[in-house]
Amino acid sequence: MTRKVDPGNYFEDFAVGQELRHATPRTVTEGDVALYQGLFGSRFALQSAATMARGAGFERAPVDDLLVFHLVFGRTVPDVSLNAIANLGYAQGRFGATVYPGDTLQAASTVTGLRETSNGKTGIVYVRTTGTNQRGETVLAYDRWVLVPKRDAGAAPPEPLVPELADAVPAGELRASWTPGDGYDLVHAGSPHLWEDYAPGERIDHVDGITIEESEHMTACRLFQNTARVHFNQHVEKDRRFGRRIIYGGYLISLARALSFNGLQNAQTVSAINGGRHTNPTFAGDTIYAWSEVLERIPLPGNDRLGALRLRTVATKDRAAADYPYKGEDGTYDPSVVLDFDYTVLMPRRGTVGG
Amino acid sequence: MTRKVDPGNYFEDFAVGQELRHATPRTVTEGDVALYQGLFGSRFALQSAATMARGAGFERAPVDDLLVFHLVFGRTVPDVSLNAIANLGYAQGRFGATVYPGDTLQAASTVTGLRETSNGKTGIVYVRTTGTNQRGETVLAYDRWVLVPKRDAGAAPPEPLVPELADAVPAGELRASWTPGDGYDLVHAGSPHLWEDYAPGERIDHVDGITIEESEHMTACRLFQNTARVHFNQHVEKDRRFGRRIIYGGYLISLARALSFNGLQNAQTVSAINGGRHTNPTFAGDTIYAWSEVLERIPLPGNDRLGALRLRTVATKDRAAADYPYKGEDGTYDPSVVLDFDYTVLMPRRGTVGG
Amino acid sequence: MTRKVDPGNYFEDFAVGQELRHATPRTVTEGDVALYQGLFGSRFALQSAATMARGAGFERAPVDDLLVFHLVFGRTVPDVSLNAIANLGYAQGRFGATVYPGDTLQAASTVTGLRETSNGKTGIVYVRTTGTNQRGETVLAYDRWVLVPKRDAGAAPPEPLVPELADAVPAGELRASWTPGDGYDLVHAGSPHLWEDYAPGERIDHVDGITIEESEHMTACRLFQNTARVHFNQHVEKDRRFGRRIIYGGYLISLARALSFNGLQNAQTVSAINGGRHTNPTFAGDTIYAWSEVLERIPLPGNDRLGALRLRTVATKDRAAADYPYKGEDGTYDPSVVLDFDYTVLMPRRGTVGG
């Protein structure tokens, strides 16, 4: 009898070039959108209101980009990170076709790199994941690397290969998924500040804080079908390093994005994920704050209606972000910092919108 | 650079006659309806079943009136009550066009009154808020007044103006949004008791109690996009007066309404909010009970199928409602009372329905 | 004035042959499906993806069978088990017409047996419940028996009658609700193991554990409109036997089913509930594990595409299931066992599917 219970993959199970088609495709519905709303509380107008969305050229309210990210990510967990010790980083994430309720997402990954760590017990696995819809269009592709234990510490290490990863998705590859026009109401969007109003180097304290609870966190992970064990099992975690269930890193990304509305109201869509680090573990009971820095203001080639902003959004726990906590002089992250997220958003340019 | 983060309004920022168009319109979906169901557990048949709803003249199951209230209210928070110390009262609330999944709600408010309080540090702001759908039809309009701090205690007080507010929405202004007929099944509705069976002065103990948890309360507020800070941030609240996050007053209204099914099974829709007070703060861990008193039995002019009942529903915490806790002899509320809600519901009249 | 608040039924209120039409029909929506997903985290592909479902002959993704069970069950609580001391067992549960979002479910029960218990204070009530859709088609019918207190311990006992209940739903009565074919992708289903690969006597440890929280449990009960008081009221329960709110037994069934994906990936639908016992109470904070045993491999008459597996799935609390905890030598359940569930699932047969 073959083994029917999936034990997840260990470092030795990966090979460069390996293709992983992930299980459990997922039809996104208005129900998922509502629950995501209840869990994170976003207020960006294009996802909130069909009227605003149609005024910007969408068929209807699009599914939040980060919900798409979590759903694609969730598919990959059983094959890539079920046994992972840590989710080390993201790069080259690019959103493609708009996702609407009713679309069915599936995902596949290619192993793009492997490197055993110096202690010989673990290794880093690099994958590039592509999420597609029911028409085979790419909705999101991104690189991720994770720290995975070896099954057998004595196993010979693979030839090390670390893929080259760009610092950021170039402007020419950003998809302009919408078109601000007269139907874009600035009062309804929540702010008159448009692309030209944000300057590189500018920092914004998003002010508010949200305390995390176990129940809502597990509900989010189950919604995403993210089955990583550390999120769910207090019976096991109580005797492990932290004594508690660990919050999914992506949960922090969505909380920080929802908080960032207050200051980035017109940053309606996420176009790219350039990089991201979960710099400290987070637990239920922690209160999350966020601040952002404008890294770059990027014109979109041939597009005079939308501009891109490359942002760093930093999330902290149990520390307000008024003084922009980040790294110490030695370059290490402040212990309050839980997320360092580098991404690109789209915003209307001045003179293109109503309101 | 202008200020991009919304600090909310202070007392000096309001002027009588000022018009506030609120941000973030909101398309209501079946997902919102399901999550609202999971949060409050209502059992009124017209919102629960499309079959019952169509039998009463609706196109499909209508969105719960109180979900409409919360969604309209949620729009107003950033402009009206982000800095509010207390939500003091409601009046003249009248539900209009039925809301169905797919409708997009937006809201605007007019400042109708201002009065500085005697300590000179705060003031009361009166607003009339109108929620409209994507066709511009009013779905709900109501008055609300809130206690708001002054930014600068030394600022000169405005000319005091307190609007005249009716005690109750008159019968002629109640919208008969449905038509009980043969398709209205009394067994499915859950009770044979109709409009004529309720007498002014009658009191009903709704018996059951529901304990509130932080997670579901924050999920509700995020669903409504109600961003008032006191609901979300334990890191700040732990050092403030109550040491805990404060439950949104409207949450109590929905819990009390859901509890009131047991005794008011045919009170299918809320037609008016005549008044409401949040008389004591509520916290996670509190168990909520409710009782109701019939204040008035109101015929609807020219309508022999539906009648209105004006009700007072009182919610208590950690005290069963069997003895109808309310006010002491000195007129002050019993410390267990957290909500005193005066509203008008519609119920079928005898002889009009099947079952 | 008649009594308007439903006190629930006591043992004396039931009579053999009595028909109970239950209140509050319920239209199932995509919102309910999403919230159910967030609460339990199932990964079976036919319910997750419209593409997979259509490839197996469904119109679209069907509603999870156990969500149908909970919704039908929820209707019956006010009439059958509002005052119940314990939910003793299920039998002869058979799923009928597929339920899709948009269908409206209603339920009716017949009292099929009554037996006073030896202490004279309680009695066992047997009911057969039928859930139907808006076309009158049966979606689920099952027997259940509950322990109900007498209102008056001195009341004369009824003539005892215990209905005959089959051990299992026979193969000829199982409805083959889908048709695996080329559109059924085994990689997307999550496993190559099909009906022929499971042998009677085989045991599967589903490995993972999920910790229960109060908030998500109450949300589930409210979604199902299951109003049994012991689930909601900490103010009362703190002074009762367990000092805590009690988890709804059906909640464990859904958790165990979701856990069972890991090992039973192609067991896409539940066709019958042969029996079930809630063997120990469960509380928030408990971590649930599950293991399954294949009881029987049942060919479906005239169907060479689908086969049935009769399974026992056992859920435990705060104890991993690696050693299949069940009963001691004296036949009593291990204290860690909270659910003993006997049911029949459908799985594709070899040679019928793509992938």
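Labels for the chains are A, B and C, by order of writing; each one numbers its residues from 1.
Rule of thumb we're sticking to: a contact is a pair of C-beta atoms (placed from the backbone, for glycine too) under 8 Å apart; a residue touches a chain by one contact, two chains touch by 3 or more.
What you are looking at is a predicted structure, and each value in this text was computed from that prediction instead of being measured.
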**Q.** Pairwise touch network: line, ring, star, complete, or other
**A.** complete
Q) Residue numbers at the chain A-chain C interface: does the shared fraction exceed half, giving same, or fall under half, giving different? A) different
Q) Between chain B and chain C, two copies of one chain sequence, what rotation angle (nearest 5 degrees) aligns their Cα atoms? A) 120
Q.
So the centre of each chain is just the mean of its C-alpha atoms; given that, what is the distance between chain A and chain C in Å?
A. 36
Q.
At least two partner chains per residue is the criterion; list those residues in chain B.
A. 29-32, 34-35, 213-216
(Q) Quick check on the complex: what are the chain C residues that touch chain A? (A) 29-35, 37-41, 43-45, 48-52, 61, 187-191, 193, 197, 199, 202, 204-211, 213-216, 262-265, 285, 287, 318, 320
Q | chain C - residues contacting chain B, complex | A | 1-2, 4-7, 21, 23-27, 29-32, 34-35, 78, 101-102, 104, 106, 134, 213-216, 218-223, 225, 227, 229, 232-236, 245
